[in-house]
Amino acid sequence: MGTPSDKKLIDENGLRLDGRGPDELRPIRIRTDVLERADGSAMIEWGGNKIIVAVYGPREAYPKHTQDIERAVIKARYNMAAFSVDERKRPGPDRRSVEISKVISEALTAAVMVEQFPRTQIDVFIEVVQADAGTRIASLTAASVALANAGIPMKDFVVGCTAGRVEGKVVLDLSKEEDNFGQADLPMAVLQKSGEVVLIQMDGELSKEEFDSAVAMIMDATKRIHEIQRNALVEKYQNIEAGGEE
Amino acid sequence: MGTPSDKKLIDENGLRLDGRGPDELRPIRIRTDVLERADGSAMIEWGGNKIIVAVYGPREAYPKHTQDIERAVIKARYNMAAFSVDERKRPGPDRRSVEISKVISEALTAAVMVEQFPRTQIDVFIEVVQADAGTRIASLTAASVALANAGIPMKDFVVGCTAGRVEGKVVLDLSKEEDNFGQADLPMAVLQKSGEVVLIQMDGELSKEEFDSAVAMIMDATKRIHEIQRNALVEKYQNIEAGGEE
Amino acid sequence: MGTPSDKKLIDENGLRLDGRGPDELRPIRIRTDVLERADGSAMIEWGGNKIIVAVYGPREAYPKHTQDIERAVIKARYNMAAFSVDERKRPGPDRRSVEISKVISEALTAAVMVEQFPRTQIDVFIEVVQADAGTRIASLTAASVALANAGIPMKDFVVGCTAGRVEGKVVLDLSKEEDNFGQADLPMAVLQKSGEVVLIQMDGELSKEEFDSAVAMIMDATKRIHEIQRNALVEKYQNIEAGGEE
Amino acid sequence: MPKDASGVLSEIKRSFIQEKLKSGFREDGRKLDEMRKITIDENYVPRAQGSAFVQLGKTKVIVGIKIESGAPFPDTPNLGVMTTNVEMLPMAFPTFEPGPPNEDSIEIARVVDRGIRESKMIDLEKLCIEPGKKVMIVFIDIDVIDFDGNIIDACTMGVVKALSFARYKPDPEGDELPVPINNHPISVTMVKIGNEILCDPNLEEEQMSNARITVTMTEDGKIRAMQKGNIGSFTLGQINEVIQMSERVGNGIREQILGEVR
Amino acid sequence: MPKDASGVLSEIKRSFIQEKLKSGFREDGRKLDEMRKITIDENYVPRAQGSAFVQLGKTKVIVGIKIESGAPFPDTPNLGVMTTNVEMLPMAFPTFEPGPPNEDSIEIARVVDRGIRESKMIDLEKLCIEPGKKVMIVFIDIDVIDFDGNIIDACTMGVVKALSFARYKPDPEGDELPVPINNHPISVTMVKIGNEILCDPNLEEEQMSNARITVTMTEDGKIRAMQKGNIGSFTLGQINEVIQMSERVGNGIREQILGEVR
Amino acid sequence: MPKDASGVLSEIKRSFIQEKLKSGFREDGRKLDEMRKITIDENYVPRAQGSAFVQLGKTKVIVGIKIESGAPFPDTPNLGVMTTNVEMLPMAFPTFEPGPPNEDSIEIARVVDRGIRESKMIDLEKLCIEPGKKVMIVFIDIDVIDFDGNIIDACTMGVVKALSFARYKPDPEGDELPVPINNHPISVTMVKIGNEILCDPNLEEEQMSNARITVTMTEDGKIRAMQKGNIGSFTLGQINEVIQMSERVGNGIREQILGEVR
C-alpha cells in the first residue's frame, strides 16, 4: 500500500498514472435527450465522471421577487448523488455545492440570450452520478449542450476544462488522484467563439508563468471539447432528420 | 430477566401474555368533548394507548396553493409526545410520523363529505400521549369520532384494528410486546357500513391463508369497535339532551 | 489555580475582585453614529462588554401579516458573535437569544411613540462583539441611544442595570465572575423619567428585603447611566453644530 | 398571545370587564387574587417516570418526565442535567401552528425552567452517577393541549407535582428511587388591566392586558425567579404588590396541590 | 402525485381510457396485468458498492449502494444496519422541487425500505463485525431522474438488482465479499380506475386513479409488505385480487430481472 | 450584490462615472488601482485568541479567532483544522436579512478561506497535538457590520492581521504560543466597468459592474487562489491585467498592514 507521497503521479517519460501525456484529455462522451420530462437534457461521461443535466424553461420565475424585469434568471443547481463519491454523501446542498451552483449559473448567463425572456427563470438541474475530478467544468460543458437541446437561444457555447500543477509540471484535465495530491487546480470555462472567460477559479500554488501555460493548455483543449459538444447535438439533429430519436 | 426469545408470547392454552385469547381486543374507551377550543375532540384509551384528537374546520385552506377547488383537504397531523414512548422522543415530526399522517389523512378523506366544502381544510391534530402498539389505527378510530363530534358531515365511520402473526398464530390487536417480537403486523381500517378498506399496511411475513384469516378477524372486530365509537357519541348527545356536558 | 469556591469575590473591606464597592458601576462608554448604513447606531462598552446596535426604520413591516394597524412593531434581534464568549459559539439564534430579543423588543416598545407609525416595523439589530455579564441591559441601554440617533420619536429613555447577590451581599452591576458564581442576578430596565419598570427578570435566591435593596441600587444607578446616554447624544449634536461628525 | 378566534375583544366587553375590576371582581366572579379551579391528575402517563395532567380553569397541559442516563456538561461534571420543553400544540388553539417552538413557547419554557432550576428543586448533585462520565438527565416535556390563558403557572404546578412523584433507576438492573427534591417552587403570573393587578389571567384577561409578570417563590419565602412580559410597564409600587400577591397566592396553590405530599 | 404539466387530464381522454379498460386493454396497448418494458443496467455507478439504472417504461431511477462500517443500534447490537432514501430530483418532473423529501418521497422510501427489510433480503446478522461495536451499514440511495409513474416498483427492482451484485469489504485491508442475500422481494403496485385493477400505472393512469396499493412478496409466495395509498378504497374482493395479481406479476418480474443471478 | 436603498443607480450617475473612468479616475477621486483608506485595529476583541476591526473605506468587518482543541479529520490525522465563516449581519445593509448564510455569504467565506488555506498561511502540521486524536481547531469568524463593497478583501486582510497576532494554548495549563505562520496572503478584488478594470470597488462600483475577480497572492509572487464572480466575462488580456494589478496592489496592502510585523 503506498501513501500519497510515495506514489509517482508522473513517470520518467512524462506520462501520467492513466497513461496520458501532459496535455491530453480523458475520454469524453456527451449524449442528448436522455430524459423524457425535461425540456432539454444531456449526459456527459468525462473520465470517471458521470453527470446528467436537465433544463426546464424559460418559465415564470417563482417566487415573484426573484424575477428580473430585464432578463431571464438562470438557476443552476449542482447536486451530488449520495453514492457519487467514495464516502457516502449526506443528501442535500452543502457549502461547496452552493458555491458551484452559483458560479455555474453565472457562467451560463453569459452565454444565453437572457434578454429575450424577462421575468422568467431557466432551471438547470445537474446531478453528479459519479464524481471523478473536474465535475464543475464537466457539468458546465454538458449544461451548455442541454440548453441548446432545450432550444434556448444562445449567443455562444460555454466550454470548460481544468489544468493544474502536478509534481511541478503543468498538466491538463486533472484526474482524481492528481486533484487530491497535486499542487494546483485551475478550472476555467470560456465562451467558445469569443474566447472570453466566464468561469475561473484557482487554488494551490502557481507562478505567473505556470498560470499562463495552464491557461494556454485549457484554451487549446476547449476547441477539442467543443467538437464533442457539437457532435452530440448534430447527432441528435441527424436522428431527427432521419425521422427517429433512437 | 428474560430476553425476547426466552419469553413465550402465547401459552399452552392459547392465551396471550395479558391473558387475552387470539381474537380478543384490549379494553377500549372513547370520550368526546375533551377539549374546549377545538371544534371537535375525542380521547381514546386502547390498552395502554392514550391518544387525544382535535378537529378544527372546515376553514379556509392556507397557504392558498394547497386549496382544492373540488373538495375539502383533510390534513391529519400525527404526533408523539416526547414522553409517550420508553426512550424520550425528540419533539417534531420524523419520517414515520409523516407517513402515518399521510395514510390517516387519506383514510379519513374517504369517509368525510369533502365535496361539500371546496377550498377548505379540515385539520385533525392527533397527540399520542402514551404509545402501546396500534397507535395509527387507534388514532384513526378516535379521529372519526372527533370529526363527528365537530359536526362534520360524514358518509361513514372509519374503524381500524390490527392483526398479526405471533409465534406462528394469527392474533388480533397486537400488544406492544407482540408487535416488537411478533412475525407480522397488519393494521387495517374500513368504512363501517360498506366494509371498504381505506387503510391497509403490512410488514412481516404472512402466507395468503394467514392474511385471509387476519383480515377476517379484523373485520369482525371492527363491528365491536364501532359500537364503542357510537356509544361515545350517543353518551354526548344524551348528556346534551339532559342539559349538561358533565 | 483557584476553583470558584476558593475564590473570594468580596474582600474584607467589602471590595470586589475588580476593586469596586458594592454600588459602583463598571466603566461605561457610549458612542453614536458608529455605522454608515444604519438609520441610527450606537456602540456601548460596559466593563468588558462591547456591543453594537443598529436601527433601521420605521419601514413597512414584512411579511404583511406581521403588521399592526395601530402601531409600529419593534423587532429587536440580539445576537452573539461567534467569538464573543470564552468557548466559540455556533452562529445563529439559540433559545436564550430568542428570549432576550423578545424582552428587549417589549421594553423598547414602551419607550417609543409606536402609535405614530402604524403598519411599520423598526428593526433593532444588536451584535454582542464581546460578552462580559449584563449584556441584555447594556444592549437595551445602547438601543435606546441608537433609536434616538435614528431620529425616532420617543416618550422616554430606557435605562437598564443589574444587581445581584454575591457571597450574601447585594451588589450592583455584576461582573462575569460574580454572575457565574453569585447567588442571584436581577436585570432590570426602567423608563428614565417615569421610573416605570419595562424589563425585569430574576434568577437565583433573594429575600424580599434583598430584592428591595437591589431595586433601590438599580434605580439610583440608572440616573448615572442615563447621564452617559445623554452625553453620547449631546456629543453628536455638538459635533453637528460644529459642522462635522468626528 | 393569540387573539380570540373572533378577533379582538369588543369594546363593550372591554369596558364592562374594566368597570367590574374596579369593584374588585372579575368577569367570571373571581376576586383579583383568586386562582381558577385547579385539578391535577398525577401519574397520568404511567410509562413516563413522572407525569401530571393539569387543568387550570379551561387551560389544560400534560407534563411528562423522562429520566435517562447521559453525559454531564463539561463545566458541571458532578451535576445531573435538567431540560424543559413546552409544545404549544396546534390542537390547543385555532391560531397555533405546527412547527418548532416560536418565541412565545420558548419564553414560557424558559420561565418554567428557571423557576424549577433556580429554586434548586431537583438536587442535581444526587443525580451524578459517575463524575464527568455519567449523570441522570431529567427531560421535562410539556404538551399544552387546550389554551385559555396562563400557561406558565399551569406548567409550573404540573412539573412540581410530577417531580414530587417521579422515580428513576440509577442502575437499569437496580431499584427505582424517588427523584431527590429540595423544595417546591410555585410560580404566580399576574397581569395589569388598567391599574389593577390580577393573578391567573384567563385568555380574555391576557388579551386585555399589556403587562404581565411572573414571580416564582419557594416555601421559605424566597424569590427564585421573575419575568416581566409584554409591552406595558409596572411602577415600583406595583412590583411590590405583585411580590406580595405571589407569596400569598403561591402558598395557597402549594398547599392545595401538595398538601398530602409534603 | 403531480398533475400533468398541462393541468389535469381532459375529460375526453379520461372517458376514452376508461372505456378501453373495460375491454381489458390500456391506452398504451398493455393488458391490465402487464408491466411496461423493463431495462436494468447493473453496475451503472462502478464506484458504488452496488448500483443499477432502471428504466420502467419512461420512468428512470438510479440506485446506488454504499456500504460503510459504523455502530449498530443499541437495541440490535448483533445486526448490520440498512437505510433507504429516495430523492425525487427536480429534474424528474416540472413540478418537483428541490429540498428535503416531502411526504410523497418519504412514503415511497419507506414502502421500498419495508419490502426489502421485512423480507429479510439482506442477512443483517452476517453484517455484524464486532457485536455492539462495529457493523456494516448499507446505505441505499435512489435518484429518481425521470418520472412517468410507479416509482415504488422501479426503485424496488433496482435495489434488488443492485444488492444482488453488491460487494463490500468487512476489513479495509481484506477481500471483497458479496452482500449476504436471503431472497428476492418484488413489489407490485396497482391502481384502481373505475372498478378495474391494473398494475404498473404510468403517470396518466396514476392521475386517473384514486386508490393505489403495493404488495411485496418473496419467491416463497409469502406476503412481506403492503401499503395502500391515496384517498380511494378497495373492497375485500379487490384486496384479494391485488394479492393474486401481485404474485403472478411479481414472479414474472423476478424471472426477468434476476434470471441469470438465482 | 444588494441594490442601493434607493433602487438602482440613476442612468445619469452611471454615465458620469463611466466617463470619468476613461480619464483614469473614479468618482471618489481614486485611481483605478488605488485602494480606499485602510484602518485596522488589532486585538479588538481581547477575549478572542486573535481579532481585528477592519475599516476599508466605509466597509467595516470584525474578525475574531477562537482556537480550541478537537479531533482532526480522519483523512488528515496530523493536521490542525481551520474553518471560516462570514456573517453578513442584517445591521450592515438595509436588505440583508437574518438567517443562515445565503449563497453570497457562502461564496465570500469560501474565497476568503481558500486564500488563507491554499497559501498555507497557518502551519497546520504544528497544530497537531496528538496524531489522529487531538489537534487545534482554528475558528475564523467574521462579522460584516457595515457594507460599502469589497467584503472579500476587507475580510482577508482582517484575517491575516488577526492571525499574525493570534495566540493559543496547546495545553490548558501551559503557556500561550503564537499561531505558527508561514506567509501572508493578500487578496485583491477587481471589477470591470465598461472595459476598465478597477480594484477595491465600493458599493456603487459593484452595482455598475457585471464581472468581478479576486486574485490572492503571497509575498513570493505566487498565485494562491482566484475566483471570478458575476455574470460578465473577462478577456484573456484582462485576466493578465488583473493578475498584475493584484500583485502590485497586494504588495502595497501587505506592506501597509503588516509593515511592523514581518
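All chains are identified by letter, namely A, B, C, D, E and F, in their written order; residue positions are counted from 1 within each chain.
Rule of thumb we're sticking to: a residue touches a chain if its C-beta (ideal position, glycine included) is under 8 Å from a C-beta of that chain, and two chains touch if they have at least 3 such contacts.
Computed from a predicted model, the values in this text were never measured in an experiment.
Q: From chain E, count the fewest steps through touching chains until chain F is reached.
A: The least step count works out to 2.
Q: Looking at CA centres, what chain is most distant from chain C?
A: Between chain C and the rest, the longest centre separation is with E.
Q: What is the chain whose Cα centre is as far as it gets from that of chain D?
A: Farthest chain from chain D, going by C-alpha centroids: A.
Q: Would you kindly tell me how far, in whole Å, the mean C-alpha position of chain C lies from that of chain B?
A: 52
Q: Which integer distance in Å separates the CA centroid of chain A from that of chain D?
A: So the centre of chain A lies 59 Å away from the centre of chain D.
Q: Can you check how far apart chain D and chain E are, centre to centre, with Cα atoms defining each centre and the answer in Å?
A: That pair's centroid distance is 49 Å.
Q: Mind pulling the chain E residues that touch 2 or more other chains?
A: Nothing qualifies.
Q: For chain A, jot down the residues that touch at least 2 other chains.
A: none
Q: Which word fits the touch map of the chains here: line, ring, star, complete or other?
A: ring
Q: For a quick check of the interface rule, what order do the chains take around the ring, beginning at chain C and passing next to chain F?
A: Here the ring, read from chain C toward chain F, comes out as C, F, A, E, B, D.
Q: Quick check: in the complex, which residue numbers of chain D touch chain C?
A: Chain D reaches chain C through residues 101, 103, 106-107, 109-110, 114, 117-119, 213, 221-236, 239-240, 243.
Q: For the complex, give me every residue of chain D touching chain B.
A: Listed in rising order, the residues of chain D that touch chain B are 44-48, 51, 58, 60, 62, 64-66, 68, 85, 87, 89-94, 98, 100, 139, 141, 143, 145-148, 173.
Q: Which residues, counting only chain C, touch chain F once they are in their complex?
A: 1, 35-38, 41, 48, 50, 52, 54, 56, 59, 77, 79, 81-88, 91-93, 123, 125, 127, 129-130, 132
Q: If we count contacts the way the header does, which residues on chain B are in touch with chain E in the complex?
A: 95-96, 98-99, 101-103, 106, 109-110, 186, 191, 194-208, 211-212, 215, 219
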